[in-house]
Amino acid sequence: MAIYVLKRLLALVPTLFIMSVIVFIIIYLIPGDPARVMLGDGADEATIQQVREQMGLNQPVLPQYINWISGALQGNFGESYFLGKSVMAAIGEHAGPTFSLAVLALLLSLCTAIPLGIAAAKHQGGLADKLLTAFSLLGMAIPGFLLSLFLVLLFAVKLKWLPVSGYASLQDGVWSYLKHLILPAVSLSPLMGAIIARMVRSSMLEVMNQSYVKTARAKGVSEHRVIYKHVLRNALIPIITVTGGAFGTLLAGAAVIETVFNIPGLGQLLVHSVARRDYAVIQGIVLFIAFLYVAVNLIVDLLYVVADPRVRLE
Amino acid sequence: MTKPILEIKELKTSFKAYNGLLPAVDGVSLTVNEGEIVGVVGESGCGKSVTAQSILRLFDERKEVKYEGEISYGGVNLLSLKAKQMSSIRGNDISMIFQDPLTSLNPVYPIGEQIVEAMLAHQRISKKQAMQRAIELLQLTGIPSPQERYHQYPHQLSGGMRQRVMIAIALACRPKLLIADEPTTALDVTIQAQIMSLLARLNKQLNMSILLITHDLGIVAETCHKVVVMYLGQVVETASVQELFQSPRHPYTQALLQAMPRIDSERGKPLTVIEGSLPTLNQLPQGCRFVSRCSYATEKCHSASPILKPVEGVQALVRCWNADLIKIESRSQGQQARSGGEDHVIQSVQS
Amino acid sequence: ANGTNNSNISSPGPTDAASADANVVDANEGKELATELKFPLDQSIPTLDPHLSLGGSNSTVVLNVFEGLFSFNSSYEPVPSLAESYEVSEDGKNYVFHLRQGITFHNGKELKAEDAAASLNRWKELAPRAKSSFGESEFEAQDDYTVVLNLNEPKNDTLAQLSHVLNFAAIMPKEVVESAGPDGVKEYIGTGPFKLVEWKADQYIHVSKFENYQSPDGESDGFAGKREALVNDIYFTLALDNATRFSSFLAGDFDYVDVSIDNLPLVENDDSIELVKDLSTDFNLIFNKKSPLFSDIAYRQAVAALVNAEEILLGITSTPDLYRLNPSYMYEENAKWYSEAGSEAYNQSNPEEAKRLLAEAGYNGEVVRLLTTKDTGSFYNASLMLQAQLEAIGVKTQLDIYDYATMLTKRADATAWDIYLGPFIVPSTPSQLLYLNPSYGFAEDAKLAELLKKATAALTDEEIKEANDELQAYVWEYLGNVKIGDTYRYKAIRSNLQGVTTLYGIPNLSNTKVYKKS
Amino acid sequence: MLFNPSNRRKPLLQVENLHKSYWSKAKNSFKKARVRAIRDVSFTIFAGETYGLVGESGCGKSTLGKTLLRLTEQDSGSILYEGNDLAKLSSKQLRHYRKELQMVFQDPYSSLNPRIVVGEALEEPLHVHRIGTPQERTERAMDMLAAVGLKREHYYSLPHQLSGGQRQRIGLARALIVHPKLVVCDEPVSALDVIIQAQIIQLLKRLQHDMNLTYLFISHDISVVRHISDRIGVMYLGRLVEEGDTESLFQQPTHPYTKLLLSAVPVPDPFAVKKEWQQEGELPSPLEKIAGCSFHTRCPYATERCRLEEPEPKRVNEEHWAACHYA
Amino acid sequence: MVKRQQAEAINLYKLARREQLLQQAFTNTRLLWGSLLAILLLVVALFAPWLSTYKPLEVDIVNRLAGPSTQHLFGTDNFGRDVFSRVLHGLRNSVQVGFIASLLASAIGLVVGLYAAMYRWLDQLLMRIMDALFAFPAILLAIAIMAALGASMLNLMMCLAIVFIPSVARIVRSSAVVAKQQAYIEAQRAIGSSDTRMIWQHIMPNTLPALIVQGSFVFAESIIVEAALSFLGAGIPAPTPSLGNQLSEGKMFIFQSWWMTLFPGIALIVAVLAVYLLGDGFRDLLDPHTAKKGHAKALYKRLSGLNQAGKEGTAS
């Protein structure tokens, strides 16, 4: 299995390579440069050129890229121009909030999606099913940032139950930590919930038509047991797959919500880094997110083994 | 031997479609006696599986189907039982194995667990005892080294073994009746032969009745005591095996017998071909359902639906207006051919 | 003028927040003081290096951590801060600064002249306005507590340059200065009332009270005079999004916030919230003097004739309460440099004349590119209004909206734009005016440079007035830029926050105390 | 070829030492495995005959059929069609031969594009080979429909509107419309009910006679193969283990596997003498490498030699051979 | 004679097919609702200039932030511009951006997916690139590209297309791989069809339902991502009205002028909903194997349809 994991991680190399090239091309195309941002409005051209020179920005792209990649191969992804620390350290700091947010949002989605999906599959065409249809359609149609506006208005500004924005780490106390994450997580979860609920439903329905479910019924097993032991367990693989996908998307896609709620996560860091042209950080985050994406997929694959004995990793 | 254990009378199973009921089975009557193997044959889609599953009421009655008629098991009409009572019969008194052993076992649980589950659902025994019995059952069905196999997953077994496991599950509570729905269609002939002999052996050893659904007349001839022929949701003929092969009365039965290339027949002799179309379930003809393909059809056949009734001179029940008139086909060609190749085959295997 | 310690306090500043404060009946009597203050920042901070930093947000933090030799009071007059006193030679060329003794840096080291000289030399290299003023001269440490500066020619703005809040001439330890890289100093060590504890980039900057702080004497006024840390910790918290920042204020997370005119009703009638209006920026329209059209003065004149300053200001602020018309490049509060010379050209709002001038210049449907950004400030609103005015007289326009970083690059590119309309922080002397030097809009006019030099070299008040009027008149003639007007901003301050004063729109948080909320 | 029978008849297709392996990713495993689908198969099909191929599921029958038509690439070996080695042709050159070599597929449901009307499907081969004008093509398709016993209206039917038997007729029509010489029928009747099966078998026979076709008839149902074939090859685990003319093969099954196969077929005659089932063991997985005779795991007569040594084909009579040490 | 018969048969076939489609369309509630909403959208998109009561850019500072009234149905915004007119034009622009972006993404994704499915060496190359693009978070990729290309509607469309190509390509590829394994594709090869013909004539139609569903998903997503980008300040450049622009402006006034957020918000939701419903509905309609198991209506059709045409054979 270790070999398998290793192989998968190795397979990541070309993807990361292509991504790094794409990022470099984009960076090359984006006008604006960090020296100018750092020196600000009204800096004179000579100073800017001097700083550019010192930052190594006046080199052509190719040497810059080669420089970067040879560093990256040794595990050195460069220094941020603005954060005063290495890219790795910066990412490490910002990964926590994003991760917390994604996990909480995912938990919320799962808690609504799975019971709803099961109920809808059990009573196909019934009330739960209609509810699921409505829920999933709305969940997919209402963008998280729109929802967040109204949530903030209601729960933070009007009722003052929860803070409007910001982030507290776990060290600041569990309640404080959760308090800051609830609204953003709730804003993020309907979409994920909708997608997962749909998948739970269709996957359960699919399995319900399998002959081994009929076998179980023919054995005289109770209906409850049929649903929870035989159907759900077999419906798990596609559910795990979308859940993994959803988690990956959450990790990568929370930028807008992080901005709205002022959460110092990876998305926000990337948005800021693009705004101030912090090239090394942009590179680092994009590759890190890609890596996370693949890692989540890998974990999903490993979970398959647990969920389905037919799957073997060799 | 002649005590009936299952009696179906004019069973009608209709599927709920959006503009009405679709009678997939309409007019099935049959009796299974104690210790008897009854074969059900017929074209694909004629309602064999629906009949089998109707006996155990495996379709969802709230949404999917409507049952009519009577299925009496040990004097009780199964169709009138409550869901709970029905559950206690399934797998316990009557059990069932399905066509496709590759998909009929739950892939995520070890096979042993699946056998035990059936026992635990019906009997008050400890897990340990159940496990012991499961291993015995695996042995009984001829699975080598059952102890190890117990913990294996379905995908680790071959098709034939899986079907044996299915049989073991079915036998878990020593049912009085086993319904086997095409238990060997997904298997190769050589494996099929093994499974069929296993069923025949269990039937003798355990005195268990079997309702065997198949489309292979060869299997019927070799294993069954009685045959039920179905056509488009109806039973068109029931007879003892000997009678059926010797003197098939229903035109459809005759067609079936003659359309089949046989290993024991004269080679190169053209097969009998019947033409004509199969009506749809929602546009059934008024009269006999076979009328569109029948060469004996008369005016009456087009207008009135025949009933299943005894025919002169034989014990069979036939659903045909002209049963008495139709010339009895001479006994199958095989009789002459058999002296040729087949004896030789048997010899060569045994030698 | 043989200026020694100039500590006379002139008339109160425009916002007069400090005195207003004093008049308010202290509703917090008897309430417990809090030790912590959470203060919103509305812009991200690329660097805390005071010599590099240009944004208002930086200064908010930097001015509490660092000190310079001089500070502005609320009349924009330089008042000695780390300097005890200074002397200027008769010809205005030689300065001697005497440092206060016994001042320690946050790292415990005592402040010496070599630290000041090293810091100021670095500063004058990095701050463009300082570089143009005394680029050739060096600050030198004469002894432990004396720094001298010898200029080639007299500069009347020397002290103002040293006091200015942007590219702040902060004094840092020599070692820190010497170890600085291209992207700024590595440590942030000053002498201010607060010391830096932690900078969580993009989140917050945590400063805490510096126990060994040595305050200058005198009454507090602007950033000058007595300063005292009245809270133990300040968390400057980044809240870039206007709506989020304001909702956080409403929800009670902050006690101080800027208020847009539209949100005013939400805080207006709340007794526990005080509204303060302060002068923040002025708006100027800058021509690209290298662009095909506006290299021709006729086109510049046409636009100047067209501009309806009042309409643009209304577009920016949405209410007449928040702007004032002002033809001068200086605030009228800055009596020394305020001038109305050439003001006939201001706010002409004469489309007919503009059309005529255009026709004369031979305008032929060329597209005028307005460079702007939506990222910060009111660039965009202002440009939108200008666009409407231009379109109305048949000028073809194109609004090029970029993100801030791109806009900076584009602005440095003479081929990329024609007109730029944006906010500027008003300095105390004309030499600090960004748009009079080539880095904004490529003003390369010999006469302008000459006049500017003359104004800077003037020594007496009369000389200054004369030179300044001449300069200003020429500015309106040359039309490298068109002044639009001055704008105010509302700040909402909850009553449990006391003693916040602002200058240039930058809050001074020393002397600020916070009461616990009931 | 070892047992090349007399040259009375003209060989149409000669296959020599054909090998084919798949590297497949098993469905639920992440590891690749080698499936040796065809191992060293040699045989000849003569013009005008029907060559039957039987064997258990997964023994490589379909693979053999497809490889002959170069629908999958062989690993090694030669496929001589009228003296030209198909295995050596480029896909362009092959086009020409596609007209003469056609295939009828096992599954009448999936071998027709569900979106294309029957008529178009029939014209497709003509179109591909640029035969005739559109008008002529339509006429030919209509004729072909009639030839396989369908009506002209069916020209506009979509496959899902047809029954299994009808679809199989379409499949046949599509194969025959370009007037091929050799048709590979891959289990053309095993998805059908007996009655329909009989119709198709009769149709196949009639068309063979009318159009002078040569068939390679693949089936796992030995009764059907017996009924239709002139000569029969028996396959086991990728190998041809016995070959002979139909009469001889049934009279004198020589390879133990053939014997097993024949004995396992149920006879639809209740009066027939019931046989004692003797065989044990199951088909080994094609993934495993088997030394010696591939049948030794199930063979009641297997000896040490069978486990070690691969048997050579032995002649039973002129047209009949079996690969068993003890034949 | 043959000709006439033929023509008749064609007519019959067409009639039957049309009737069948119509019948399906009317029993397909999603399609019905989706089409209704979509028609509404289309009308708005096409006739926005005529439907709107004011010019969307018409500034009226005096009447800024006026609540909904008979004069301004949805109120006015911070420049005094009519929100109703801006919502109409915003819808028009957002829908236009979404439509063209999804069209572009679908077209390119289709080609990439099909050829990747067909040729193994190409597959490796194309899919690695697609993977790399896919792992890029959509919004972030868009921000970067928009920063690089500059803000304009055309650039936004291209950028969204680039962002969504991988998702389309993947879906197309996987259904093309499934289609490729179908026996009838093999049959096609046996006939001697060229690869091009096989890809476009036989494999491509099979990927259409998936493509349409994914395309509609991309359409809907594009509308959302456009809004999110504008929300972050990287979308359709102001003052061009787009729903995202309006939302991001409205955000600042949400405390007192809820109408600036609410109406564009509702418009956005309706637009996205319409596209989703339409996509779902179309899939059901186009898929010849519509029948999700247990779906009574579809099953019924399959059963009755199957045997009706059968003139001789079996039911199956």
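Going by the order they are written in, the chains are A, B, C, D and E; count residues from 1 in each one.
We take it that a residue touches a chain if its C-beta (ideal position, glycine included) is under 8 Å from a C-beta of that chain, and two chains touch if they have at least 3 such contacts.
Everything numeric in this text was worked out from a predicted model, so none of it was measured.
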Distance-maximising chain from chain B - centres being C-alpha averages: C
Chain pair with more C-beta contacts, D-E versus B-D: B-D
Chain at maximum distance from chain D, centres defined as averaged CA atoms: C
Inter-chain centre distance, chain A versus chain E - centres from mean C-alpha coordinates, in Å: 24
Centroid spacing, where centroids are CA-atom means, of chain C and chain E in whole angstrom: 50
CA centroid of chain B to CA centroid of chain C, Å: 94
Touching two or more other chains - residues of chain E: 147, 251, 254-255, 294, 306-308, 310-316
For chain A, residues that touch 2 or more chains besides their own: 30-32, 124, 149, 153, 157, 259, 274, 308, 310
Multi-chain contact residues (two or more partners), chain B: 43-44, 63, 155, 275, 278
Of all residues in chain B, those that touch chain D in their complex: 43-44, 155, 158, 160-161, 188-194, 196-197, 215-222, 241-242, 245, 255-264, 267-268, 270-275, 278, 332, 334-335, 338, 340-346, 348-350
Touch list for chain A against partner chain B, complex: 124-125, 210-212, 214-222, 230, 233-234, 307-310
Of chain E, residues touching chain D in the complex: 2, 5-6, 9-10, 12-13, 182-184, 186-194, 197, 202, 205-206, 288-289, 302, 305-316
Touch list for chain D against partner chain B, complex: 28, 56-57, 163, 193-195, 197-199, 201-202, 205, 220, 222-224, 226-228, 246-247, 250-253, 259-279, 282-283
Chain B - residues contacting chain A, complex: 53, 56, 58, 63, 87-92, 95-96, 98-100, 103-109, 117-118, 121-122, 153, 155, 166, 169, 172
